[in-house]
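Look at the two complexes coming up: subunit A is in both, with subunit B in one and subunit C in the other.
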Partner chain A sequence: MLTFCLRRILMAALLVLAVASGALVLTRLAPGDGIEEGHLLDPVARAAERARLGLDRPLAEQYVAWLAGAVRLDFGESVLYSRPVTHMVGERAVNTAILAVAALALATLLGIPLGVYTGTHASGIGAALARGASTLLLSIPPLVGALVLVLVAARTGWFPAGGMTSVGGSATWAAWVADVLSHLPVPALSLSLPLAATLERLQSQALAEAAREPFVDASRARGVPPRQVLARHAWPASLGPVLAVYGLMIGSLFSGSFVVEVITAWPGLGRLMFDALRARDLYLVAGTAAAGAACLAAGTLAADVVHARLDPRVRERHRP
Partner chain B sequence: MTRRAAVLLVVLAALALAGPWVAPYDAGRAFRGFVHAPPMFPRLSEGLGVYPLVLVDRVEQRFVEDRTRTLGLPWRGESEPVFLLGADRDGRDVFSRMLSGARLSIGLGLVSVLGATLLGSLLGAWAASRGGWMDEAVMRSADFLLLLPIIYVVLVLRAMLPLVLAPSTVFALMAVIFTAVGWPFVARGVHAVVAREREQEYVLAARSLGAGPGRILWRHLLPACAGHVAVQASLLLPAFILAEATLSYVGLGFPDPLPSWGRMLADAGNVNNLARFPWTLAPAGAIFAVTFATNAALQARVDHRIRCPEQEVTTS
Partner chain C sequence: MNRQPRTLLTLLLIGAIVGTGYFIWRDLRAPLPGAPHSSRTTDVAPSRGGRLVSTLRSEPRSFNRLASANAVTELYSLLAQAKLVRINRATQELEPWLAEKWETSADGRAFTLTLRDGLTWSDGTPFSAEDVAFTFRAAYDPKAGIVLGPTLQVDGHPLAATVIDGRTVRVEFPASFGPGLRLLDNLPILPRHKLEGALAAGTFAQAWNAATPPSDLVGMGPFQLARYEPGQRLVFTRNPHYWRSAPDGTRLPYLDELVLEIVPDQNAELLRLQSGDADVMQSTVRAEDLASIRPLESQGKLQLLELGVSADPDVFFFNLRAPYWAKDPRRGWVTTRQWRQAISHAVDREALAESVYLGTAVPVWGPVSPGNREWFSPNVPRYPYSLETAAKLLASIGLENRDADEWLEDMSGTEARFTMLTYRGNLVLEREAAFLRDELNKVGIAVDVVALEANALVDRLVRGDFEAIFFQYLTSDLDPALSKDFWLSSGPAHIWNMSQDTPGTPWEAKIDELTRQQAAALDPAERRRLFAEMQRVFGENVPALYFVAPRLYAAASARVVNLTPAILRPQLLWAADTIAVKP
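Let's turn to the complex of A and B:
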């Protein structure tokens, strides 16, 4: 288990390095730089700013200097905002993580119980309704869901349509948490509904498959009550494919969160990276890419470790 | 499954081609005095018709129906415009724009699907039949791309190039980018099928009859992948349409006068405009419809989208 974890952590570090380097090099190769898009007009001042930020150096030299800073978690300074990238990215990464965790929790709470229900009830109106709803929700990408939910929120006033906190801020910690929670429904729902549908379908299929296993029949033959057969035997056996999917869902969670952040004005990493890309803010692009890759890697790693803990076959497969 | 996927792709292609012809008005035509006019619902009175709109409040942009007269459906060439799905912020017919936009949005999706399918099949099959370190290199880079959130890869690649470009350049550019991020989805499955099938007896038989590697690949191995490729292609189509919509929504896709679905959603504007003129969200319905059609055609097989093709191949 330890070697498994170490291997995966090493892979995660490589992923972060590759993604951040790729973003840095690609943005550097793009025409124009942050200074040109910025507010400085005087050519002398521009040249001085370029020299200060190291933008005038050759790519290889600049890359090595950036890398030397990056391993000490110093990702340079944003050209656009004149602030250290590490601070800005840290704030935004927390916001994106709040949204992602909320969406994942919501999807799990909705999808898994519904999947257990439809997986054990092959016929019936309730199960048919749930299956129909899943097929429908599966077809609502976060872009569409977010726009529709923003419309609903704006027309009904049930919850705020945009932002993460109210104007004016909050006095206490508890007030801040309550404020953020009240802003969560629109972005979290639009992200989680298609994921919940995915989980429901998978759990349903996996449970129906697991229920056909001989050991389930055996436990039933021993006289174990049906409820316990489900809870102790069939359901744990069906969790394999469901948990395997969590690792893959993190990626689509991130993809979806970009557009949701833009539509609902959630101050997350995606929005920041987009602004940085448009302004050709080199270090900010690389910093957001590194933070995003780190979140992605952490999520995937957590899902893999849980999966490996529960399923010895996964551990064995990764053994060198 | 394969046949349904193929039928779906053909139907959508027909829709994309026919869209601008069916549209009652030119997509760029702006009707003066009809900014944000609401949808006019067809009613059955002396044939199918609608009540014309009268602007009653210029500040609030409020319209009422004139119940004393009726107009025919927009294709009849009435003297006053008929907006079945309302008008947008420039007084352009949302219905016509949506139909015309189908050609851009679905067309771009189909071109990209074609590119991703061709590139993915070729790379996957080539890597599998060649083996060795090149196989490793191709498939590891496919795995790497599959791990990343696609929309960010698309964003970075798009933002690398000048932000303002001509429409035809944008179309070609997006098709290339979508192909570049879409091929691994096809390649992984094709690789798995070819790697498994090339050890089969019928392939050995063909080889012993003197068939060259090219013929074996073309006549025997690639046809074995057809099912997987068809399913992946029809799953990629809504993903690409969505990617176009996302790019255009944030302003990196098609430029303004063009009626792509993402562009139209971007034109729908901010929260206030959305709440007052919800019909401008009609293209979101179109995106939903295409996605839903795909899911329904493939019977919402979630595992196809998520499970890795290696497992998929062995279970099917």
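Let's turn to the complex of A and C:
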């Protein structure tokens, strides 16, 4: 298992480097120059702005300078905000992580139990309702889902309609936590409802299939109570496909959802990357892409490790 | 699980869903939280105190107005900095600001400005004429990387500022210039004691960037930046040293605090306003959103303010650079005046205003819309909707339907087809582009609409790599002499054929001559006459086509009083010092 983890960590480092390099080079080669002001047509003014944004330097020079810093985890300075990329990504990553943890917890708490329920109940109104709700949530684009939730929050006043903290600020640490928690429902639900639906569908299918496995039949034949058959045999065996997707979910959630962060004004990594791309802020694009790739790699690794812990067949496969 | 508990569970689930749905339905119908019930408050006397929350669509890139033409930087500058003179966005009149008065020389080229007495920067440092001279030095320093530099020149030459004494500055123009001191509305005065080091070190463009601590940002505007929370908000507090008072003697600004909440999405921005989380929207209200605001206006929760007709009609133009078409089989007709006039005749402007703007736009025939009351000329050539006239004009340049398809062809069989670039993500522009495509299809012209990201489109425009573009060109000032870069053939904003060495056509030479005369003339009546003539020549040759100009609407909470709306950006916050909120 240790060798497996080390190999995956090495692959993850290469993935991060490749993604960040690709993001930097493609952003530089993309049409447009990041000058936001469409009316800024004067060549002298444009040249001054290009120089300020560092876009007048050769790509190779920029890439080599960036790479030299990146190996020391110094991703350079954002030309857009004149701040170290590492600090900015760190700040926004914390915000995104808060949202990601909440969304993941909600998605898990809703999706997995419902999936177990529908996977063990082929018929019945409850299962049909759950399946219908999942299908509905899966078919709603995140943009629409987020807007609907913002609308509900704005019209009902149940939760703040956007942002991460209140205007007035918080005097104490506890007040800040309470403030952030009060702002979480709308973005967290926007992210978690489609994920919960995905988990419910996956868990339901996987559990139905696992219930038909010979070793599950055997445990039933040995007289193991149905709940134990489900909890100790069928459910762990059904987790393979769920955890495979779970890893990707962790990665995508922790790298920030641009759509939900824009609609709900959550100051996370997704929005930062969008702004960086628009401004052709190369180092910031590379930094946010690296953070996203690292989250994705860490998420899939964590899912694989958990899967191995829960399913003895996986442990056997990785045993030297 | 036996049957009874399962049925009970199912019933409970259905009950929970129905109950939740009922509560959502009930609360959606209930009065909006946060938006107080009250009558319109514009007639309420303003009083001191309170906090105003406005939305802001994007993050600040810099707090250095001279180094950044970004809209957020411009807004920061309006709130926290001050100029020698100001153009009142509502009346379009020039007003004394840091300079309380001025005298003009006999030839109209020199102005002696007297600064207000006893002014201090927001950090308490006394203000003097040396700060003015420093700002002029920074604005024209070639090493400083100033983006505003070219806009502060007259005929390519800088203005000269000379300190006479602590309260007097003489500003000399290199040539006679009709708008005179209006040019200085672009120039916020910066504190020498804070920025002199950066200018000397050649790092002025990097100074006052987005990472600068707010305490280092010093200005003479009504507010000072107290906090910048990246991705969330900018919080401004009252500048205790602000010099202005209301007519009744109340010290301005009225507000204790002004918060700009960063809300990148326009739909979410509107919802914030409707829910009472925001008092003012930075964006103007889209035509399709009016229906959701009007009921709240009639309930006295929101104010819907009609600002007037926009001064920035959307513009459509072909690439008129001859080399671009040199090897193209369409070169014989695509740059002709008849081609453009035919297109103008083929577009039903009334229908465009109805369908895309839901009736909230007016037809226009040139770059100056009726919103620009001072300079609009109603006597420009018009091209009324007529498919027959369009067909005749197209036939006059050899374009007829010569085969069985629906498109026109020239003598060589080349189809009347072109590619129109427009902004991606600007839904109104994209809908208008689709409308234009459909209108031109009716006369046999095929249009391929390609939507590009804004800066990619501008990049193509600047490189001259396009067939036709449909986009929005923003006006910063309504005086035509301050838009010479658009009118002059040598200008970088002469969008259909930029930065020409010599005028490519006789009519461009004529407009060049008129533009120079108009900018140099000091007599307002003569300037208006010359500009009307410029618009007429432009209208005859239609190098760029204009179809409609939208009516602008702004929305604000009913608790906001003393607003002075204007058609130029930022439509409400340009006069933030006089805005107040009900206690």
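Methods note: the second predicted complex is superposed on the first by the 271 of 320 C-alpha atoms of A that agree within 3 Å, B and C clash if a C-alpha of one lies under 4 Å from a C-alpha of the other, contacts with A are read in each partner's own complex, and residues count from 1 in each chain.
The rule we apply is simple: a residue touches a chain if its C-beta (ideal position, glycine included) is under 8 Å from a C-beta of that chain, and two chains touch if they have at least 3 such contacts.
A quick note: this is a predicted structure, and the numbers were derived from the prediction, not measured.
Colleague: With both complexes overlaid on chain A, does A:P225 touch subunit B (first), subunit C (second), both or neither?
Modeller: neither
Colleague: So, A:P113: does it touch subunit B (first), subunit C (second), both, or neither?
Modeller: Neither subunit B nor subunit C is touched by A:P113.
Colleague: Identify the partner contact of A:L129: answer first if only subunit B is touched, second if only subunit C is, both if each is, neither if none is.
Modeller: A:L129: touches subunit C, not subunit B.
Colleague: After the superposition on A, what does A:G90 contact: first (subunit B), second (subunit C), both or neither?
Modeller: The answer is neither, since A:G90 touches no partner chain.
Colleague: Is A:P43 touching the first partner subunit B, the second partner subunit C, both, or neither of them?
Modeller: Second partner only.
Colleague: Looking at A:P141, would you say it contacts subunit B, subunit C, both, or neither? Reply first, second, both or neither.
Modeller: The answer is first: A:P141 touches subunit B but not subunit C.
Colleague: Of the two partner chains, subunit B (first) and subunit C (second), which one does A:P236 touch, if any: first, second, both, or neither?
Modeller: After superposing on A, A:P236 lies clear of both subunit B and subunit C.
Colleague: Let me test your reading of the model: by the given contact rule, A:T165 touches which partner, first (subunit B), second (subunit C), both or neither?
Modeller: second
Colleague: Once the two structures are fitted together, what part of subunit A is touched by subunit B and by subunit C alike?
Modeller: 30-31, 147, 150-151, 154-155, 161-162, 262-263, 278
Colleague: Okay, in this complex, where on subunit C does subunit A touch?
Modeller: Residue positions touching the partner: 6, 9-10, 13-14, 17, 24, 27-28, 30, 32-34, 51, 53, 58-59, 61, 67-71, 145-151, 205-206, 209-211, 227, 229-233, 235, 259, 261-265, 267-268, 271-272, 274-275, 277, 452-462, 471-474, 476, 485, 492-493, 495, 498-499.
Colleague: Contact residues on subunit B for subunit A in the complex?
Modeller: 144, 147-152, 155-157, 159-163, 238, 242, 245-246, 249-250, 265, 268, 271-272, 274-275, 278, 281, 284, 287-288, 291-292, 294-296, 300, 302-303, 305-307
Colleague: Across the complex, what residues on subunit A touch subunit C?
Modeller: 30-46, 48-49, 51-52, 80-83, 88, 91-92, 95, 124-126, 129, 147, 150-158, 160-165, 167, 169, 262-268, 271-272, 275, 278-280
Colleague: What part of subunit A is in contact with subunit B in the complex they form?
Modeller: Those in contact with subunit B are residues 15, 18-19, 22-23, 26-27, 29-31, 134-136, 138-141, 143-144, 147-148, 150-151, 154-155, 161-162, 197-198, 201-202, 205, 241, 244-245, 248-249, 251-252, 254-255, 258-259, 262-263, 270, 273-274, 277-278, 285, 289, 292, 296, 300.
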